[in-house]
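Down below are the structures I want you to see.
Look at the two complexes coming up: chain A is in both, with chain B in one and chain C in the other.
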Partner chain A sequence: MADAPQRARGEAQYTADVLLPGMLHAALLRSPHAYARVKKIDVRRALEAPGVHAAVGPEDVEALTDEPGFFGAPVAAIAANTVEQARAALELIDVEWEPLEPLLDPDEAVRRGQLTDEPRRNERGDFERALADADVVVEGEYRTQVVLHNPLETHQSVCRWEGDTLEIYTSTQYIWGIRSRVAKQLGVEPDNVRVVCNYMGGGFGAKNDPGEYTYVAAELARRTGRPVKCALTRREENLAAGNRNATIQRLTVGARSDGTITALGGEFVNAVGWDGWIAPTDGPMQTLYHCENVRTVTYGAKINTAPMKAFRAPGYVEGTFGLECLLDELAARLDVDPLELRRKNYAHSSNERPYSSKNLMECYRRAEPHWERRHELRTRSDSTWKYGAGLASQIWYGGGGPPSYAWTRVGSDGRITVITAMQDIGTGTRTAMAQIAAEELGVPLDRVRVELGDSARGPFASISAGSSTTPSMGPAVRAAAADAKRQIIEIAAQRHHLEERVLDISDGNVVSADGNLSSPLEEIVGLLENAQILGKGARGPNPTGMQVLTFGVQVAEVAVDVETGEVRVLRVAAIHDVGRVINPLGASSQVEGGIIQGIGHTLSEQRLLDPATGTVLTQSLDAYRLPTIADVPEIVCELIDKPDEHLTNLGSKGLGEPPIVPIAAAIANAIRDATGADIHSLPITREEMLRALEAAKQKQRGAPAAV
Partner chain B sequence: MDVLTPSTLDEALRLKAEVPAARPIQGGTDVMVELNFDRARPPALLNLNEVRELRGWSRENGTLRLGSGLTYTEAMAGPLAEAFPALAEASRTVGSPQIRNRGTIGGNLGTASPAGDALPPLLVRGAEVELASVRGARTLLLTEFLVGPKRNALEPDELVTAVRVPAGPGSETFMKVGPRNAMVIAVVSLALRVDGDELLASYGSAGPVTGLVRAPLSERAGFPEQVAAAASPIDDVRGTSAYRRHALRVLTTRALDRCLA
Partner chain C sequence: MTINGVPREADVWPGESLLFALRERLGLPGSKNACEQGECGSCSILMDGTLVCACLVLAAQADGHDLVTVEGLGENGSLHPVQEAFVEAGAVQCGFCTPGLVVAVADLLRRDPTPSDDAIREALSGNLCRCTGYAKIFDAVRIAATRA
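Up next, the complex of A and B:
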């Protein structure tokens, strides 16, 4: 890791570390009601409190509201000398609330037509007819819960006005998005907004937008003439900083007796919350398998809960859980091997559009030895602990796209600086970009430095979302490195009276094909004294008419204590196809992180509400249970590592999201393998596990399952 | 808020008498959480970390005397773990290494939470709590000391100085169900001890106070049901009442198997 020493020594400056001279601290007043109207608000008493400089309310900042639609919605804010003073002053804001009846049930919202958007319908073929003709039909209702991003660094910004220019230090996944959104909101020129994010403590999709903390800090900074920091507390992070929305999925699969899937249907209810968008929960059903007759409808239920935000493969995580559990129930019904069922229904194209590359069959082949382990594994079962294995496939985006730009600067000392105004959300971007430039320029890695994180100091760069950082930025960096290299070769050719085509740079030396020339890079560029070589690169388009997607399969091994309902994940083998791998260590770290976060989603994490009031009960990390290191299984990571020949000058796709996509279904399917119980609801708490075991027992007896 | 830091027990008792509202603090694993979440704003903290008399443990006339400043880490290993295995097992399930290094048995007693992990092992041993004040010392059975959820029998000027249990032989164990494998407050916990012809079980997180259930060994078969029936658990974010009762039944059965193997 290029920046490991800075991170380890605490030298890396995160937004949480930003302390500007004279900086004030803001605190937010949040709604104690899931739905209410602010009839009156009076900040006068708060303004008189010690250390307080300014207060803003719904009339001052658009991101503050006088009709809070969820528990924790931001209503007002205070700036004070210290964050403690600001928080204490919040209690002195006089608010007259008119509580309204909250709507919390997503199914009820759909019945009432209270939707965030038009229902999204996707249909191909003739689903009804195919279902009528099917030899076997399996139906199931699956539910997934609300989970929270909980990045280590909470959402926060520091804003400072320098004349008519607003500087924003912010923890963000998208420097340029913050720049344009804030400029538009405040009515200033984009060039008058400078966005800085040097290091960042994670986002997982929740930090793509400016957020109320940025707008509040900007307005309070404008009013006070001082820099203002607005940083969410961990509790606020668990209330109102975004979430993966809950889903209800009513799914149907029809198949021939040989296992050929002929019909897939799904009704998806996304519990979007008070605001947000409809994540593609239907995506896996539409794209993972070859099936001519598919019909899905997805509803966005508008309810009085905090708005969803993108969360590591939004929609696909939830949808894959439903679909891949349904597929295993079909496999069980047909007595077909689950891996064989997936091979049999392999999609060779996506609605007639070819894939730029797809090596999922190779992933399945490499899954075989892991899948074979289930036979031995099952023999370990005794009357208490049951062992089993399960698998699930993965499909997701991750191709990135244009535009993105990078510059390279080669000094007379032969050292290279890569400059681009992108962010590193903690995935090792500095290292990967340095590797790409070093390889293209033929220099050792330690000769390359990457400067990023400042919109005033580099060209436009892509969002770090949708697993797009490497596939979007990498090609631009490679092109910028190639541009510099071309110029160096040109100079070397003139100097040594050789043709450019026989020259190359290797291990820091300019070399000729015949081996007669081997001259250190710095000798060639050193001729120029203070002159520099400047390269520039742009990210090219994605291949026309092709689908650029990522694929994979995971095999999970579990043990289930059938008396207490405890589920232990023992081992996960993850095999993913993401094109060319740039940094194997960084890649395996993404796989591990995705699986661990997915285990939390599968087994222990859940935002709980008081069903009567909509109050969030899980505001601390005691009540909201992220997995600990003691919950982490052995993780085996295998990457196909074949460059996508159709995709850019790099052939790389992203890996940030794919590993979290199949893990819940793989674990649920392993539980079925171990116990015979069908898992239909996340998280699989001990109680949920016991309920599923009881339902399986009832089913075996032929009685209707108790709900 | 003042922080009072006595260096001797006498000084600590004098300060506690002078400022009865001062909140005793050892490791701070409970108190600091309360302060951070603004659940408590005591006028002063009585920092007991420098009071030597509260530390460590000893054997005295057939009893184990555990100072209220004994940490979970200290209870987890060495001769004390051999002499008091259920406490060692319970201590290993507390929080993280950092919390086990700081958290103390005395803190568990002072907080008197029904989820306190040290309490069930102490209860099945028939523990007695030593209390002291400038007025003198007294001893209470732990069952008398725990009077309600997060309520104990301490007078405003009193401090817990130690807890005593008989050092005699017996077979015992501790089990805990949590929603993940570490860093959890118990969904339900159980200590079980077979002491001669008597069965003793104590459950945590399954009633307003940590409960104690006794039965003759001859009633072993019905004991799991007896324990489950004695508990009065509630539904909360950690689990439901029904699950807690079920888990107590399972844990009691397993603990009996383990202790009587």
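Up next, the complex of A and C:
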């Protein structure tokens, strides 16, 4: 990665490292109740505490509330000389709480009609009739838990007013979104908000919006006339910084005896929390397979838990777990090979629109040798450890889109700077953009530098979310490089009295087709002395009438200790189709990172609540169990690397999210293969595994399974 | 105390962590604050040659001791072999955990120049990374081990 040395040396400046002269530190008072009313709040004692400069409450900042709807909801904030002083002063805020009865059960919320939005219904064909006509029907209820993003850099902002301009240094996935949201909220002109994010320590979807910490820092900075930093602690990060919401999925599949799927139905309850949106948990059921009769309804349950935020393929991670487990249960019922079942129900075209490109069948073909390993794998089983393999398919977005802009500046020294006001979420954005510019301009990679991260120093750029960074920004950078190249060739043609069409740039030299001219770029551009060549580029539209999607399949191998319930993931083969791959090393790192995050989701991660009070019990990284290096299996990554001919001048789709989509189902299906137990709930803790094994035993004996 | 070979002094509040003093008083922000309670390893440094989480050491306790932070790993502005290996292997994504990891790996390789996979898992399981999936960190340790 181009900027890896800076990061490895500890020189990269993150928001956490921003220290401005005279900067104050803010701390937030958060609700100790899952649901309460603030009857009275008095900050006078806090204001007299040592080092304290200002305090704000629900009346001062809209992001603070006097009716907290979840444990950890922000209520008030203090700015002091040091963060310790601010935290100490929080204790002196006098609050009279009126605790209210929290609602924590999402099904109950649906029954009561306490919803975040209208239920979302998607229907095609005649589901009921197809189900009645089906040879076999399989039903299942699947549950997924709340998991937390826990980026290593917590959510934070530093705000400073310079006259009527607000400078925001913030850890964000969307510089321009912060700019427009804050401008709107504070009633200032967008041009009077400058947003800076040079380096950020991870986001995974949780850092798309400003957040209370930004608004609080802005208001406290306004009141004190000093820069204010508001950084969440790890504890706060685990309470109120967003999450992947829990889901309950009640699924039905009807099929003919030959394995043709004829009906798919699902009722999805998304436990959205106190606020948030309904992620498309029904998406995989609607789009992954060819099926004429599909009926889904998705409810957003408004309950007294922290609001969900986008988390790496929101909805599709959860929905793929349910659907792909259901499909393997169907395969088992029909005694059909799970890979064959998926091929048989392949969607060659979407119901509405053609795909811009789809190579899922090729992914399946490449999965075969990995899938074949299961026969040998199973023979390793003994009375305690059972071995097996499972697979699951992946569908997700990742095409990106306009608008996005980039500039290229070519100096008389022949060096190139790519300028765009995008952010790097930490995925190697600078490297990918430099590679694209270097390739287009025909110069070595080390001649190109990428400047990003500042809304005042570059054109509009898209969000780093939805696997869109490369497909949205890459084409703009390529177009900007092409614009600069055209100008360079024009100069060279004039200088050497040649036609432009015979000239090209290769390995840093302007060359003619007949080989007679080979002039270093700096000699041509050097003719301009202090003048510079400026290239401009914009992201073009996506192909009209087409669906731009990513596809893949993963094969997981597991070992299960049937005595203790321990599950070990031994090997994962990940085969994905994301169009053209720009940086193979960075791409495989994305795949590995997605798989490990998915293994955490599948086996160990879970935000736990006290079921009576709604208090969050997992407030630290000790209690909330992220995967460590000890949990890493063998990962084999294969990318189809075939440019999408319909998609932009680059043919690349995004890769941030696809790898996390199928892993939970692949592991659950491998567990079924190894033990015969059906997994219906995440995470697959030892207790859950033992419960599933017991249920499988009961089922074998013909007794009704304990649920 | 000595930090990265240079004698340094700082006025600290008695309850202050060494991590805070390094980052906010001594101009050494390379060690990262990601949990403040010894769970993530992002602030790993060497104190008299022993790997510690700087957030779990009081600044006052460091008085008279010899510290090495991520800023002091490489010599004369060049990358330390472990840092080089991280760059080469692609073991860096967002990079927030990287400073702690490279210090921890440098410590591991000094104790055990040819660590087995299990030894790597054991030594680095206290350094959390949310981006890379750790696979390339294994690669980086193996590369660095061949060069040490």
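FYI, the second predicted complex is superposed on the first by the 706 of 707 C-alpha atoms of A that agree within 3 Å, B and C clash if a C-alpha of one lies under 4 Å from a C-alpha of the other, contacts with A are read in each partner's own complex, and residues count from 1 in each chain.
As a convention for this text, contacts are C-beta pairs under 8 Å (C-beta built on N, C-alpha and C of every residue); 3 or more make two chains touch, one makes a residue touch a chain.
Because the structure is predicted, anything quoted here is derived from the model rather than measured.
Using the contact criterion defined above for the overlaid structures, shared-chain residue A:R234 touches chain C, although it does not reach chain B. In the superposition on chain A, contact of A:E687 is made with chain B only, not with chain C. In the superposed three-chain model, the partner touching more residues of chain A is C, compared with the other of chain B and chain C. In the superposition on chain A, A:A630 contacts both chain B and chain C. After overlaying the two complexes on the shared chain, residue contacts for A:D622 are found with chain B and with chain C alike.
Contact with chain C, but none with chain B, is seen for A:T154 once the two complexes are overlaid on the shared chain. In the superposition on chain A, A:R378 makes contact with neither chain B nor chain C. When the two structures are aligned on the shared chain, A:R223 is found in touch with neither chain B nor chain C. With the contact threshold set out at the top, residues 620, 622, 627-630 of chain A are in contact with chain B in one structure and with chain C in the other. Chain A contributes residues 1, 3-14, 16-17, 19, 82, 84, 149-154, 199-202, 204, 233-234, 425-428, 585-586, 588-589, 591-597, 620-622, 626-630, 632, 635 to its touches with chain C in the complex. Taken together, the chain C residues at the contact with chain A in this complex read 13, 15-16, 23-24, 28-37, 39-40, 42, 69-71, 73-74, 79, 83, 86-87, 90-99, 102, 120-122, 124-138. Chain A meets chain B in the complex at residues 563-566, 603-604, 608, 617-618, 620, 622-623, 625, 627-631, 685-687, 690.
Here chain B touches chain A in the complex through residues 37, 177, 179-185, 187, 237-240, 243, 246-247, 250-251, going by the rule given at the top.
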